[in-house]
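So, here's a batch of structures to check.
Same chain, two partners: subunit A is paired with subunit B first, then with subunit C.
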Partner chain A sequence: MIEKGKISSLHLAMMMYPTILGTAVLVLPGMMAKYAKNDLWLSSILASLAGFLTVYIASRLHRLFPKETIIQYSQRILGTFAGKTLGFIYLFFYVHLTGIITREYADFIISMFLPLTPISVVITSMLLVAAMAVWGGVEVVGRTAVVFFPVFTIPLVFFVILVYTDLNPRNLLPVMEHGIIPVIKGALMPETWFSEFFLMSFFLPMLTDSEKGMKWGMASVTGVALTMVLINLVTLFLLGQEITTFTYPLMEVARYISIADFFENLQSVVMMLWVLGAFVKISVFFYAVALGTGQWLNLSDYRPLVLPLGFLVFLFSLWDLPNLSVLAHFQEKVGPYYLTSIQIVIPLLLLLIAVVRRRSRKAKEADRR
Partner chain B sequence: MKRVLLASAVCLTVLLACGCWDRTEVNDLALVMAAAIDKKEGNRIELSVEIFLPRSQRGGGISGMGGEQGGAKGGGKATLVRSAEGVNIADALARLQEEVPRKIRWGHCKVYIFGEETAKAGIFEKVDFFQRHPEVRTRAYVYVSKGNASRILEVLPPLERDSGEVIRELSKLHVGMGVTILDLKQMLRGEGGAVALPMVDILSPRKGQHELETAPYLFGTAVFKKDKMIGRITQNETRGVMWLKNEIRNATVTVKEEEFEGSVSFHQIRATTKLTPKIERGKWKMHVEVKAEGDMVQNGTVLNPVRPEILGKMEKAFKDEIQNQLETALRTVQKKMKADIFGFAEEFHRKYPKQWHQVKDQWDDVYPKVEVTIDIKAHIRSPGAATHPAGIPEQEVKQE
Partner chain C sequence: MRRNRRSSHIPASIIQGQEANHEPISASLSENEASLRSIYRNCFDAVFRPFSIGGKKRAQLVYIEGLSNVEEINDSVLAPLIRKNATDLCGIEEIIEKKISASSVRKVETIADCVASLSCGNPILLVEQESYALSLGLAKWKQRSIEEPSAEVVLRGPREGFIETLQTNTSLLRRIVKSPALKMEKVTVGIYTQTNIVVAYIEGLADQTLINEVKNRIQRIKIDAVLDSGYIEEMIEDSPGTLFPRVLSTERPDVACANLLEGRVIILVEGTPFSLIVPTTFFTLLQSNEDYYQRFTTSAAIRWLRYFFTMISLFLPSFYVAILTFHAEMVPTELLISIATSREAVPFPALVEALTMELTFEALREAGLRLPKQVGAAISIVGALVIGQAAVAAGLVSTPMVMVVAITGISSFMIPHYALGFSIRLLRFPLVLLAGTLGLLGIMIGMIAIVVHLCSLRSFGVPYLTPVAPLKSRELKDVLIRAPWWAMRTRPHLTGKYDKYRQSPGQQPGPTGNRD
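Let's turn to the complex of A and B:
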């Protein structure tokens, strides 16, 4: 195996949590509310089903091929040529996605805090830091995520407490005014975020206690779903139908906080959340890309690939998306098909093929005896 | 060697922490404390801003500013007002920047005032600026001024740092409505299609004082239909509106009745209002439930409030007065102006989504016919720090 480091399944869960929520906290409530209106919290619960399914598929595949990632076992399931092709698709997909995420991160920083700074500077600095973590190996990526986990979660809880007096829970009503269809439509986008749980398949072979991988994976999905519901409810209770008019609703919540006229303007806390979450997210994606490429090329070490791949991610982040509207369009119209097919549908097919083959092989062996 | 490198690398990160291209120094910023938007000829607008003056920049004050008192704090004005014209706010802001040597910053602006003419012409387009500009705070308060808005900024209130601060503090005291940008946006997009914004005017200066040495005050409420102002209700009617919107926090209710031969005042301690919509046999009804609790602050009658029977009578008078305020507000706003600033539409929508969608387009016709029933539970918690009415011989105090 290329990676010598080990992490525990608890670390994995704490790593996946900001990986999913990192970019979801800011943009998702607005996007979901566009379709689901005041039922957006139901949408996030519905979407979490995709997360549970993804974790289940990843863990089942892992049980069949305990020491390998999807780049390797796809060759075993489909044969060398088809497997390598699929592996390439995966690598391309994750490089592309890392680029988009980096761009999403940078767009927020540029539009809200550093309008004059060139976007390439923001992207490069983040990618260099992430590259350092990836260079350090899975233990560095995992541990930084664990260190940042409380720093990421505690402010979210604080927001709720601080803005409590301004909340209007009646915004929740009427529940499911137009039936279940808007809720399903609203669930399409968060579902793409939940499908990113498939990334844990790259980390499952490195667990010290891999039998607990699925359990902690499910716990992580639950945590993400609950946090999404919490954020959705807070933004809904404060902003009401106005949620849809804000690009970053949680940012508005933070700005609305005002305690005794001096404890206010907490947008820098949101910025901190965003930078930390994006860092964990980008480094986890980046790590998967680097490790996967190493395995795809049968190298003994993935480290020499980190900087070149980082450059590729940099280019994707700059070239792929001209502005925020295109990004929103991508997340809305392309994302649900693109991300779901690669992170849920293909792994599910692989799992089915692997199981069927194994059965038939066993049946043949039984016949021979 | 490695340590030296590491240490120098850590020190170098400080260079990155200063914000790169977006480094801004406080002394390059002009902090806007309040802004006013007025309508000018030919669809143009005038944007006036009140800019905070740092202490070192304050001059010796304007001459004739009330002699000994010497104007605002520190012997000089705390703020400076500048205006510019433009096609819209952003355009006017660009013109304004040409007059102000420092970068205009909106992050501290907590008060926005629309001139009466602007409000009558419509405010949709202006609100978009508030939402889109990343520095504008959604918690800032919005007002409509009587007449020109810029003159509100020009006065130099003796008690607060600037005039924007005065009206903001007034709103925070809940003596009138307090509407933030977020509330305004919610009302604009709301089902009721009506907006209420507090109005401000300037107190006429006391005799012998400089004409600018005065302060703005809350002067009723401007009522909008869609985004256009259609009229104004008095401060008294505003009270009723605030009761209905559950915004009453700080009220003194004075009751004057024949039966008591004098007036009694109660100070509101706690008050909640609950709106319950009902549709009975096709009739749309709104049940208003008010719970009020207060202390007596002045007793101008000869009655002894310590006696339970008398207190009961007073409670009833207290209740009637609140009812009266509510009815006055309803009469003007619901029947005459036909503007749903109470949020009745939202209440119906929440409880009866199906029926709501049928009348949604005719809400303007349905709303004035909504039958409002009022149920008030008023409670006098204590007669204050006194028992008998003051200054009356004990035998003259009526016990019943």
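Let's turn to the complex of A and C:
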């Protein structure tokens, strides 16, 4: 195995939580509200089903091939050529996705905080620290995620407490005014975030307690779903139907907070959340890319690949996304099909093929006897 | 290969000098004397005292002046041996048994052992026609008395500190941990200094692989001199290129013993009061021994205060620079106005102001440390002028900046182990630069880089941020709070895994009526 480090499944859960939520906390409520209106919280619950499915698929595949990642077992399931091709598709996909995430991160920073700073500086600085973590291996990626976990979650709770008096639960009503269809439409986008739980499959082979991997994965999905519902409800209660007009609704919530005329303009806290979440997310994606590429090329160490791959991610983040509206269009119209097909549908097909093959092999063996 | 090349740098004469002496002691007294005299040529402090046992058998007593107890030599060696009735003794065994009243007498067989014994202060007795010598345990030299360590002061707790003498230090440990399970193994390092180093651990608590690793790393050291434990510290670290200390040094026997009982290994070095503790993790460096002597409620609160001010001392100047340069809208209006008024006359941008003030403060601190006591008053007056009202009145710095530097300075003194204080002080400067170029984002990036770096460090195989990352929920009781002693049931997992429990359960005190 390329990676010698080990992490526990609790670390994995704490790592996946900001990986999913890192970018979701800011942009998702607005996007979901566009379709689901005041039923957006139902959409996130619906979308979490995709998360549970993904974790299930990833852990079933892991149980069939306990020491391998998808880059390796795709070759076992489909044969060398088809498997390598599929592996390449996955690597390309994750490099592309990492680029998009990095761009999403940088766009927020530029538009809200540092309008005069060149975007490449913001992207490079983040990719450098992420590369540092990836260089250190899975243990370092996991441990940094654990350190940042409370720093990421506690401010979220504080937000709820600080705006509590201004919340208006009546904004919730009427529930499902236009039936279930808007809810389903609204669930399409968060579903892409939940499908990112498939990244787990890169980490499952390195668990010290792999039998608990699925349990903690499910716990992580539940945590993410609950947090999403919480954020959705808070933004909905505070902003009402106007959520849709904001790109970053949580930012508005932060702007709204004013305690004793001193604790106000807490946007910097949002930025802190955003940077930390984005860091964990990017480093986890980056790690998967680096490890996967190493396995795809049958190398003994992935470290020499970290900087070149980082440069590739840097290019992808600037390449096909001229501005924020193109990014939003991509996330809305392309994302649900692109991400879902690669992170849920293909693994599901792989699992089916693997199970059928194994069954038929067992049947043959039984016949021979 | 590499090691060979390195050892060839050692002057050839030393190697020869050491190897030539491994010849055994000959039966001829004059020959032995000659070889010792040639080794100790031009050494005026080497004393050779020829005499004859009972007036018949010739003998020679050798010792180094100032290292041995001369009165004891006279009373218990020379006087009884010179007396007439010593003549009927023939063998050296009989001399030891009947005449020499020193408590420790050891036979040595080679010239090299004689030299080693002499350097420790033990006189050597050579007797005619005997092919071995006697090393007499009569070493005695001037040593400092045991005092309270000045670098680690406590309000409550034992006040003894280690001193420069190794034997005293080991005895201080032994006086606290009386169990024979406390083992102390001796290693000698340093070609010229021949410094004795003691590796102490508690058998059954410390991991055997850890003990072997420590001993191996110390034995690997080939160096001409060891003047302080700092030499050893740098030679046994896991990876050298980092700001953070991975070895804890302490002057206090109680701290050393507490760590022994958690399964760690102590390295005592002759000639310095600073002992080394391995493995050391980040959070140990933020804990003071007094945390465990005061009541737990107070200690937990003080720990949080300390964590908070450690963050302040790392981030406050950069935070101030970032806010003023990039995010002025985040400051409440009235506060912003008062800061802006005081900054009106200042010609520098906040970044330059912060950097100069921080540098000046560091200079003052360093100057104050090296200053002769008589000049101390001068520096405090000058210091108050440089960082203070005069600087503000001159329009060079603003009052808020003086406050920021002062608060940062005070909080950096709150870190109980100054080795960590150094790293925090140094990290402040790149953070200020990042804050001046990228604002809050720069601080975040810097912080992430620091955390990633901390996560990748190890001290003798133990991850540096244990028990937070990797998470050990059982041990958080000694990091998030200081659990009361009756709740500290388990030892730290990575070092003390052999004997898991410290104490028996259910010792929580309470009024007698309410028990069970």
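Here is the rule we use: the second predicted complex is superposed on the first by the 369 of 369 C-alpha atoms of A that agree within 3 Å, B and C clash if a C-alpha of one lies under 4 Å from a C-alpha of the other, contacts with A are read in each partner's own complex, and residues count from 1 in each chain.
Everything below uses one rule, namely that contacts are C-beta pairs under 8 Å (C-beta built on N, C-alpha and C of every residue); 3 or more make two chains touch, one makes a residue touch a chain.
Source: prediction; values computed, not measured.
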Combined model on subunit A where subunit B meets subunit C, clash or fit: clash
Superposition-derived comparison: subunit B or subunit C, residues of subunit A touched: C
Contacts of A:136 with subunit B and subunit C, given as first, second, both or neither: second
Partner chain(s) touched by A:8 [first = subunit B, second = subunit C, both, neither]: second
Partner chain in contact with A:256 - subunit B first, subunit C second, else both or neither: first
Which of subunit B and subunit C A:125 touches, first, second, both or neither: both
First, second, both or neither for A:111, with subunit B first and subunit C second: first
Contacts of A:356 with subunit B and subunit C, given as first, second, both or neither: neither
Partner chain in contact with A:268 - subunit B first, subunit C second, else both or neither: second
Which superposed partner A:276 touches (first subunit B, second subunit C, both, neither): second
A:299 touches, of subunit B and subunit C: first, second, both or neither? neither
Those residues of subunit A which subunit B touches in one complex and subunit C touches in the other: 113-114, 117, 121, 125, 264-265
Subunit A-facing residues of subunit C, complex: 326-327, 329-330, 332, 438-442, 444-445, 448-449, 451-453, 455-456, 463, 465, 468-471
Subunit C-touching residues of subunit A, taken from the complex the two chains share: 7-8, 10-11, 14, 109, 113-114, 117, 121-122, 125-126, 129, 132-133, 136-137, 139-140, 142-144, 146-148, 261-262, 264-265, 267-268, 271-272, 275-276, 279
Residues of subunit A that touch subunit B when the two form their complex: 111-118, 121, 125, 170, 173-174, 177, 238-242, 245-246, 252, 255-256, 258, 264-265
Contact set on subunit B toward subunit A in their complex: 16, 19-22, 107, 131, 134, 137-139, 182, 185-186, 189-190, 349-351, 353
